[in-house]
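The two complexes that follow have chain A in common; it is paired with chain B in the first and with chain C in the second.
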Partner chain A sequence: MADDKDVLRDVWFGRIPTCFTLNPDEATEREAEPYYLLLPRVSYLPLVTDKVKKHFLKVMKAEDVEMWFEYEGTPLKWHYPVGVLFDLHASNTVLPWSITVHFKSFPDQDLLHCPSNSVVEAHFMSSIKEADALKHKSQVINDMQKKDHKQLWMGLQNDKFDQFWAMNRKLMEYSTEEGGFRYIPFRIYQTSSDRPFIQKLFRPVSPEGSAHTLGDLLNEMYPDKKRYQVLIHGIEPLLETPLQWLSEHLSHPDNFLHICVVPAPTD
Partner chain B sequence: MDPARRSTETWRSHILRQLKHRDLSQTSMFQDLIRFYTQLLEKTSLTKAVLSSSNRRDCADSSSSLSSLQEQTSWMKKSTGELAYQVVELQQKIQIKTCFLQDQQDSLQVEKRRLGGVSDACQTLQKQVDHFNLENRKLKEDYDSLLERQRWAESKLREQKVQEEEMLEKMLQLKNQAAARMNNRNERRSRARQATLQKDLQTAARSKVTIDSSSSAPSSRSTSPKPELHVSRGRGQTRLFRKRRGHSVSSLKEDLLYPVGFCVSARVPARSLQVLEAHEQGINAVRFSFSSDLLATGGTDRIVKLWELRAGSLTHRTTLDGSTEGITCIEFDPMGQKVLAASYDRSALLWRVDDSVPKVALTGHSRKVTAAKFTRVSNQVVTGSLDRTVRLWDLQRTACVQQVEVVSSCSDLVCSENIIISGHFDCKIRVWDSRLASCTQELPAQGRVTSLDLSSDRRQLLICCRDDCLQLVDLRRWSNERLCFRAEGFKCGSDSTRAVMSPDGCYLAAGSADGAVYIWNVSTGTLETRLPDKHSSSISAVSWSPSGEYVVSVDRSRRAILWSDI
Partner chain C sequence: MALWITYEMTFYYVILLRLFTNARLLLRCAAMTETDCCVLDEEDFRRCCRLLLQRSEQLRDGWSWEVVQGSDEGYLRKTALRSVPDPQTSTCSSRPKQSKEEPDCASSLVPDSGRGELDEEDDGSCIVSEGSSVVLQYEYHILYSSSYSTPVLYFRAFTLEGRSLTLEEVWSFVHPNFRLCLQNSPLNALSQQEHPLLGQPFFYLHPCRTEEFMKLVLTAAEDKHRPMNYVLLWLSLVGPAVGLDVPLEYCIEPQPSDPE
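Coming up: the complex of A and B.
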């Protein structure tokens, strides 16, 4: 449907206004101006922060140092999509999102090193394969050729919606007799949790034949739901939204449905 | 399914709304701002970079260096532009120069070719020159040899001449000697004769007879008032006596040649029988032949026309031409076979009758011949001319045998036996002896003599003068008593008006300037008749036929009129 297409586009082209500021400790004789940037929600930090690095390296005059980001003391994991990071940490804060740029004292415990974009590519492709394993027992992804995989990655890297979705729609197909995917690939993120995320097998269609909804999923995973805000791509979908539809339309490019549960804002 | 659809629609639309709201709040607010911020950041960083680069050299010129740099760049651009323009110009010049060079080279080629041709021509000319020089040398050698020969020949000639002169001298000497011998002989002979003569004379002188006057008479008579030409003085000295020729009218055999047509009586013409436009121009002369059947007229149109007169009418017979100018006087010979005419062209012409080409032309006068007549001597013609000479001609030799110079121009001539009478402009009549060609008498006339006519017995001479008077002179007596005839209204028309006597000698006829013919009676001395109104201009000549029946008058306006009394 035309609305579903709009949904896909809006999801793809979602942006977050960010203000990158250099760590004041790391500033040299000259003061570095902050760098403002609109970050795409569906991409990853190393892919979109080249300009930031260039900007701050002018002041830093340091070569071959790995840049890492932190928000209010929390190092930001680069292998999470940007939108997920924002929704998780600063969904209800004042925009623009202020990220501090660090060049020194890389926190090895908290963050993984990301020397080049190929690392990001490998991570992305593995996510897609994992999602397809859940959805189609990896049949679709294995039928695709190497160039198709490359196309998926290039589409994401270069922000090409049509190029990406030309391939991605294959991954979103299902046989009608099934009524949906085999299992829904999802991850639920929580701020205060020892586990990074929750990922379990969950069928989209109940054994009776009714479609499971978001509420069903949450009930399953969260028996108690206190005052929480469920954010997907920065919005709170209604709980009765069918899961199959959500997985088809509101998934990230890595075909996972990243759900952020944050405490509701107390007014 | 409606509620389900409605429910799907609600959560779908909810999601859509949520997404839109999210974008609005999160993206669109910050989009432009971030863009502009980034641009500004870039500009400042650029400026900082420029400033930092100039700061390394000189801090003070930070602001001006930019403008100076800009000036430098603009100046460099200008200079590059100028240099490019110069390059273009220079390229053009180079092109022009190459074209020029090409032209020069082409012309050089042309010149080289021409030079080659010219040198070839020069060589051929040189060869020709050598050839000519060779020939010249040969010619010079020939010339030298010829010169040598010529000199040798000249020297030879000189020697010959010298020899010739010597021989001539010798011959002359011999001849002189012979002549001297001859002279001596002659001298001796003449001396002998003289001696005998002296002796005779002495003997005669001793007889004492008065023979002195008679001896001088012949010598006085021999001198004549007129000079004699063509008679050598040498002969005159030896001959002391000369035969005297008198005025005897001797009858010679020649007279028998002349038919004597005698007219018993002439008839006075009363009216005109025929009026003819005889010639193209004015008629000067008219003459009947001795046999009365031929009439000759001649005039300014240079021809003589012969007419036959039969039964009172004139018919044209022949035309005699040959004169180059007008005819003044015509005469028939006594036999009627020849026609003699005097002409303005200073000659007298002789035709045979019916032969239109003249047989003889007598030239010699220097002015117009006014009269030409046959003399009584056979084959002799006498002519008178305005050049003041009278000439005698021999027809057989067609040469002038005698020429007499007269004081005045002769206007007319008549011939009798042995005498020629001529009338002159100086109002004198001169009588000549035809055999001597000397003037024997000179008679005065009343005025300028225009014509003369002799009577048929040759005793009377009719003189027509310019002062309108006709005179009749007796030739035998030569007295000054003359009969003079005048008439009222009669005027001589010209210096050559002719008057005639009738064949029987009783009448005189003359044409007047008023166009009338006047006829006088000799015996009465008065005018017999006057025949007017036929001529339109002055009558130049009249002629009476020897038979006496007809008179013909001709005038200046080409008219010839035949008169008779019938």
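Coming up: the complex of A and C.
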């Protein structure tokens, strides 16, 4: 399936051009130039913004404090993949994505702390574990050794597609008589909701044996239809796409399908 | 694989220790609900919570059921004041600290989240001498995890002035008996996490091992033909680690003459 493998690569190498600007209220010794960066959609802000931190700390009097990001007044949750944050908050805006950098007044009622990359690793592995609990009752992840888990993390951290997928393919297997995973790991995000996301048990195959589609999932979660746009990795997959296929090919490295439901752009 | 076995064995050993000390609790647990051993579906969870809530109201233990706006989902909630030794006034003697920029006692007992390497930590031994105590506000939420088919405990803690406690501080107030268990458990069992219904940062106890240790307890109970309230039993095992005690009275059948 040459085409399907290409999809995996396209997903992995997706990038978002971003412009980082320092919060104008933060005191600097000299003018802070904006910093431009291509952010990997599948990674996490703390993993890919070391250069941003170095750049802005050069012009600030502050010691090494916890950096945090905000977009149009909304603190950005670093434990969400970068691409999810963009699709959710800025999908129909002009590129580059403009993010404001802060070093003061960490909003600890909104954001988790991230003192080091090991915290990101713990979150990432926790998601993978949860996804496998849904897909395989944790059998595959528990059969892996600690070094295999490390390989998944290092593959993500160092942007090594082959290293990551050598291990991740095991998490994408299922027995043919099952027809798919036990449940599909997914989260649906919507900014208009008070809830951070919707996550429920949902099978890829109906009791009658037919494949559930993306449309079926959305009908189940949003029975009252409205005009919205459904984004996964910045694209709108056809609602007829089988959920099992989406889970195998459009999941994030954490093995979850992160689906953003945003208001349809008014033309 | 060997490393995982060691972690698990330590974890189970401490859990079993706790089980023995809870033996009275188990033996006196009245029939509250039958649960299909080890697997807790959402309906079971709600039923167990309702029973727990009823008993809590009788005992004035402070639990309430919170509903999520616009859905039928909910969770148990309780706030409590907790008195802990003031880290500023209590003195400790322990192994020489690894990091030089953390002079106070509380953080020297904490796994260094900066390095995230648990095998370099001190052995957690400390002699705390008398000092004053400080009162903290804890807020506990019990949610259902459909991914793991278990309850999950989320909590947050504040000083009386309203300042949120950090992970390091929360960790420092975990009783030493539990610290070894939580520390060696994979995935840093106690960590910060986004509350799945409210979206705010909470601390939580990672649920991935819950089914395993609950299985131990529940099969033992089944052998004695004692139906158990899964949520109550689970709470009595994990709660005390984070300052949440479950009074024995929960398991005693209310007498007809008990006041409503």
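Note that the second predicted complex is superposed on the first by the 264 of 267 C-alpha atoms of A that agree within 3 Å, B and C clash if a C-alpha of one lies under 4 Å from a C-alpha of the other, contacts with A are read in each partner's own complex, and residues count from 1 in each chain.
In this section, a residue touches a chain if its C-beta (ideal position, glycine included) is under 8 Å from a C-beta of that chain, and two chains touch if they have at least 3 such contacts.
In this text the structure is predicted, and so the values were computed from the model without any measurement.
Asker: Is A:D3 touching the first partner chain B, the second partner chain C, both, or neither of them?
Answerer: A:D3 contacts chain B only, not chain C.
Asker: Of the partners chain B and chain C, which touch A:L37 in the superposed model: first, second, both, neither?
Answerer: In the superposition, A:L37 touches chain B alone.
Asker: First (chain B), second (chain C), both or neither: which does A:F103 touch?
Answerer: In the superposed model, A:F103 contacts neither chain B nor chain C.
Asker: Report, in rising order, the residues of chain A that make contact with chain B in one complex and with chain C in the other.
Answerer: none
Asker: Flag every residue of chain A that touches chain C in the complex, lowest number first.
Answerer: 77, 79, 108-113, 115-119, 121-122, 125-126, 129-130, 133-134, 138, 145-146, 185, 194-197, 199-201
Asker: In the complex formed with chain B, which residues of chain A make contact?
Answerer: Contacts found on chain A: 3, 6-7, 10-11, 14-17, 33, 35-38, 55, 58, 95-96, 233-238, 240-242, 245, 250.
Asker: Provide the residue numbers of chain C that touch chain A in the complex, in ascending order.
Answerer: Counting only chain C, the residues touching chain A are 1, 3-4, 68-71, 113-117, 146-148, 164, 166-167, 187-188, 191-201, 206, 208.
Asker: Within the complex, which stretch of chain B touches chain A?
Answerer: 7-8, 10-16, 18-23, 25-27, 29-31, 33-34, 37-38, 41, 44-45
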